[in-house]
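Presented below is the structure to which this report refers.
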Amino acid sequence: MNRFNVDYYSASSFIPIPDKDYRISSACGISGIMNRSGRSFNGEMIMKSMEIMHERGNGLGAGFAAYGIYPHLKGFYCFHMLYDDEFAKEETEEFLKKKYRIIESEPIPTRKNPRIKEVHILWRYFLDAGFAETSSEEDEVVSTVMFINEKIKGAFVVSSGKNMGIFKGVGYPEDIGDFYRLDEYSGYIWTAHNRFPTNTSGWWGGAHPFGILNWSVVHNGEISSYGINRRFLENYGYKCTLSTDTEVIAYLVDLFMRKMKYSHRVTSKIFAAPFWSEIDNAPENEKNLYTALRMNYGGALLNGPFAIIVANNQMMMGLSDRIKLRPLVAATKDDFLFIASEEAAIRVVCKDPQKIWSPKAGEPIAGFLYSGNREEKITETVALR
Amino acid sequence: MKRILVREEYCIGCKLCEINCVAAQVGSSNLIKIYRYVPELPEPNLIVEEDEYTTFAIQCRNCDDPMCLKACITGAMHRDSFTGAIRVDKERCVGCWMCVMACPIGVIKRTNDGKKAASKCELCVDRGTPACVENCPNEALVLIEVGE
Amino acid sequence: MRYVIVGSGPAGLSAIESIREVDRDNEVLLVTAEKYVGYSKPLITYLLGKMTEKSKMFYRTEEFLKENDVSILPETKITGLATEDKLLFAENGEKIEYDKLLIATGGRPFISEIEGLKGQDGIFTFTTWEDEEKVENYIKENKIEDAIVLGGGLIGLKTTEALMKLGLKVTIIELSDRILSVTFDRKASEIITRALKKEGCEVITGDTVVRVKGKKRISKITLKSGKEINTQLLIIAIGVKPNVEFLEDSGIDINRGIVVNEKMETSVNDVYAAGDCTEFLDLIDGQRKTIAIWPVAVSQGKVAGYNMVGKDSKYPGGIPMNSVELAGVPTVSVGHTNLIEENGFEVLTFENKDTYKKIVLKDNKIVGAILVNNIDRAGIYTGLILQRIDVSSFKNKLLDENFGFVYLPREFRKMMLEGDVKVWLE
Amino acid sequence: MAKTRTPPEFILERDDYKCIRCLVCVRVCSYGANFYDEKENRVYTENSKCVGCHFCEAVCPTEAITVKRNKFDIKPSAHWTSEELFDVIKQAETGGILLTSMGNDKPQFNYFDRLVLNASQVTNPSIDPLREPMEIRTYLGKKDAYLEIFEENESQVILKTEVSQQLKLEIPVMFSAMSYGSISLNAIKSLARAAETMGTFFNTGEGGLHKDLKRFGKNMIVQCASGRFGVDIDYLNSGAAVEIKIGQGAKPGIGGHLPGEKVTEAISETRMIPVGTDAISPAPHHDIYSIEDLRQLIFAIKEATRYKKPVGVKIAAVHNVAAIASGIVRAGADFVTIDGIRGGTGATPKITRDHVGIPIEFAIAVVDQRLREEGIRHMASVVVAGGIRKSADVVKAIALGADAVYIGTTALVSLGCHLCQRCYLGKCNWGIATQDPKLVKRLNPEIGARRASNLLKAWTLEIKEILGGMGINAIESLRGNREVLRGVGLNERELQILGIKAAGEAW
């Protein structure tokens, strides 16, 4: 249930928070860089890539997701937190202590930046769930995140994965990066987002990326199917606490890729389903598959303009909507994979990519770490005939 | 060649075909003027037959091998070379009624406006769509193409 | 290949149409004894009565003959035929070769034995345009005011009508006890007789002309009954018979008329015959006879023409039918109408002030119909007769004022309304 | 008191100048309202016989006829409308239940018109349906919450789950259950052909199956109602799905009654009852007195159809509709049909039609929400009916959470119905609600099919236009997407039940 309806009238002191209490439309720039050998590189590279897309934002939100940044604590869940005040922090810590062993508890290091107005307490915890990593443990973490976000006033979990973290706030990406001292971190996957919301104020929690467990999503676009995507998730027990479409994407990624263990290919065919005209003319088994996907997961179809970059510790994937209403460019150079809204954002950090191309509407671009059993090359799913 | 198909299962017996046939013969589409001001209205060139639940309008079938053509002693009854419709040249007709006797559908009428002459449905070839077909509210009359 | 057609009546002309429908190249030669080619003989009474004009006499115009590329030999009377040599002999000595021949010479007037006929002016038969011209001139030149028409059949009555239109006082003399005795039944004859009398026409039945008197020009006739009537004009219209005398030595089988089969072939190869000069099956009683009516001639001519060019076509037989309007009374007679109940026929009649309807049935099939005054939709009966439809399911409706297809069995009606209507030619 | 003369409900005005005495109006009126006075050479109308069906007006070749409502100018009263007045008079005279036909005609039950839709502006592009694909195909039936997919490699992706049989709709609009008996065979044929052309379904209603309709099996839903008329194994298997009818919006809680005189030979054959006997559909199914009984019937039918046909259950929208729908879904139905208070019928007591049940808008909202809350929304499709008049209603119903809609009244209007509400008299001049062969043939199924298809074609275009305007190109993104709706003039509680915001509120 949307808070606006309920709370607005019951509490006169209530001041709605954009993104949290109502949805705001936005346009954005996104970028993602991955070293598929798992070699870490400095955060300056992604900041540089984002800086050139300065125009795609308006200073009302930016953020980064970084993988491989906490190698020394990689066995623990790292919660990046936004607190409005000490009460929220205390309440949260009390709640966490019941379920987890807190390995580390520290402020997220920041550096003064004249263009960043600090409004939150930024904190991080490394948590030990005490069990081997199983899916039920993951579910437990998810419900922890859901609980904090929904129930603890003034507390918000920004990220909750292992060996990764999300850094975001209100400002231009270069300033946010500077503020969070990203030049001091090294990671093998970086994704970033620059936001252009169509309202005047921003909320730190509303900036991208959005994450749940190891998953993170940056998103450019507006999901016109938001209303049904949210209710589709309800049927699976997800409660969308924010009013942003990106949160919905993050949960859908969690549902299909983590819980149901669908590949990026299948998931992308749910998010950007092929047209019936293509499906009807496909070979029988494909036809059955895609028909079933649309029939059963129609509520998860992401309709409207979008380009997203989804990442976890193993991979990074770019995807645009079924008629490509938002830009997306991909490039490779040696063991690097680049995905961005603009070619310029790639060229500025990689002058001479070996391959640079514009993926087709609804066709995912995915790169995986070389280690592991995943295929070695960049996968570009072939379109249905 | 064209023929008006009669579909009795759809005829509602309203007789709008008759009314409009008369108008077409007069050569106007303004029914009010026609029925108010034309003193001697021609007979419709079709007949609406009715019996309990069955009604249908019937007019010249435009037969392939028409009896009326065979029976005509004057050459007034002829097939229009362009449209294939059977027409009557009323100037040549002497009113012997051989065609009336021969037509197995019984849809050739006798007229006498100063001069006796046979009159029949000529598929409104000078008009375009037959008036009865155009004004049938239930498509019980439809113009179809037959033969080669 | 040369097709030769002898006779320019409806049979001959319709044969030409059929031939040209299939064969547009080979020669078609039309030979006729008449001066005018392509005119309609039944129209001569209309012409005499000024109910039509000379220009409208042509049932098939000159243009038609030109379009169909027909060579014409007018005023050429054929007097003999050598079938082995495929040669025709004309009165003027000409010899005409043919490959396929159609004899469509029609009928010629029959004249009974009357004393004093020879050498008298003012006595005419009335079957050709030339007859009409003669009569018209005779009346005009001699300012004739009355006339005797011998014969109360259709030709006699139509001539009577024409003469009356010219203002003549006409007396009809008919040997049998009523006029139109062949075509109509007693009741219909009575109605017509009454109408004629009302218009001022005298009708004498059961009598005939036995003697003619006059000096060069007729002035008086004597009847069998002894009665004498003064007159200056006598039209003899007691009947026609097939015009086939010229074939006597040709070897072609002739009975009353030329004997033909259903393809209109005579007994001799490549010689066909059609129209009033032939005899063929009556569809109703199955008898061979001459049915000297226009539609039969057209149908036979059409079949003959097709077969002459090798297109298979059959004529199933015909029925007599006539439509005639006399003294303002339109009448139609189709099929056999003089049959009576005692002979196993069923007769249905309807009569009121203005109209008379009679339907004759045998085994629940209509074999004849007479309609007087209200003749609209008469053709439905014609169709039922020709198609031999069992009428038992709607017999009680046959005489209805609004009798129509609505009473007919649905299947038959559907066929007639939706399909192509074929009632005669197979 | 002396017998009251009820004033005519309609007044037929005939412009005598325009009247050409063609007598078409006289010939066509099945109620005998128009007559010709030969002596005066004038056509008259007995207004009290006129039911306001406008047929004569439609066929008059000179536009001489105008049928107008008689205003019954009684002394103005907000409480006593003329309708109320004459209802009392009628009952005072007859002592009987007031009968009526078609749907609820009262204004207060319409909520669709108080909902407004959204469109894209700047932040996301609208999509031009003329240039881009715009998809409205819909599948009805049980869905799986999880599809098991085996991904061997890039090109070998195999669906392991055997998905349930579905109804494929090229437009999420179907023709409601209307039986042969309540409407004419030509009316059903019209809808059947239109359903075939447009790739959707018609519903046999509780009338059994006329042999002429067998060939439309692919586009047919067969109904099994409390009278079980015409139901046998062949019937159940002859369509694409089976619908168990528990109730209908026009008359929740009561059964049906086709009088014996309407049970003609053909109807007796399809209903499998003797000619001339009354066809009575009891109010309840006498083998369903509880939800577990319903489950048995659902599975009996599934057995009979070898689990090849989706089985649905139709109920009227009543107060507890959400819980009932949930029970039906859990009882194994593949689709639930909910018929709101504005649903039509051939004959119903006026009191039931006008006062029992709830508007479909609320029913959709609460049923969809309830099923989602219970996590069983995927187990059955929700089909809604009762008051869908136009494509905007379809869009709003789907946005509220329906998978597809049924149209009954609207379909009949496309065939010619002018809503005179006299179906129960069986004299329908438009050839729809009648079995009189002379009247039935006034509806040429070729024309009817064309018109009903045209309606759906037009709606298809409009729905696509609206979707494109919202910036979405598939109907699944509209379904249950209440964000695209806003309420105008609704109170807080109504908005909350509908699950929508008020106009002016942003996301």
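Going by the order they are written in, the chains are A, B, C and D; count residues from 1 in each one.
Note that a residue touches a chain if its C-beta (ideal position, glycine included) is under 8 Å from a C-beta of that chain, and two chains touch if they have at least 3 such contacts.
A quick note: this is a predicted structure, and the numbers were derived from the prediction, not measured.
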B-D against A-D, pair bridged by the larger set of C-beta contacts: A-D
Longest centre-to-centre distance from chain B, chain (CA-based): A
Computed distance of Cα centres, chain D from chain A, in Å: 46
Chain A-chain C separation of Cα centroids, rounded to whole Å: 103
Where chain A and chain B are represented by their mean Cα positions, the distance between them in whole Å: 79
Residues of chain B touching at least two other chains: 7, 55
Two or more partner chains touched - positions in chain D: none
Contact graph of the chains (line, ring, star, complete, other): line
Chains grouped in pairs wherever the two touch, ordered by label: A-D, B-C, B-D
Contact footprint of chain D on chain B as seen in their complex: 7, 9-16, 19-20, 31-32, 34-36, 52-53, 55, 135, 137-140
Residue ranges of chain D in contact with chain B within the complex: 17-18, 20-24, 27-28, 58-59, 61-62, 437-438, 441-444, 446-447
Touching residues on chain D, where the partner in the complex is chain A: 120, 122-125, 127, 132-133, 135, 137, 139, 143-147, 149, 151, 154, 157-159, 161, 163, 166, 372-373, 375, 377-378, 399, 470-474, 476-484, 492, 495-496, 501, 505-507
Complex contact set, residues of chain C against chain B: 10, 14, 40, 42-43, 46, 51-52, 56, 58-61, 294-295, 298-299, 302, 321-325, 330, 332, 334, 375-380, 382-383, 386-387, 402, 404-407, 413-414, 416-418, 420-425
Residues on chain A engaged by chain D in the complex (per definition of touch): 2, 4-5, 9, 22-27, 198, 221-222, 224-228, 231-232, 234-237, 243, 260, 262-263, 265-266, 273, 275-277, 285-286, 288-289, 291-299, 301, 303-305, 322-323, 325, 375, 379, 381
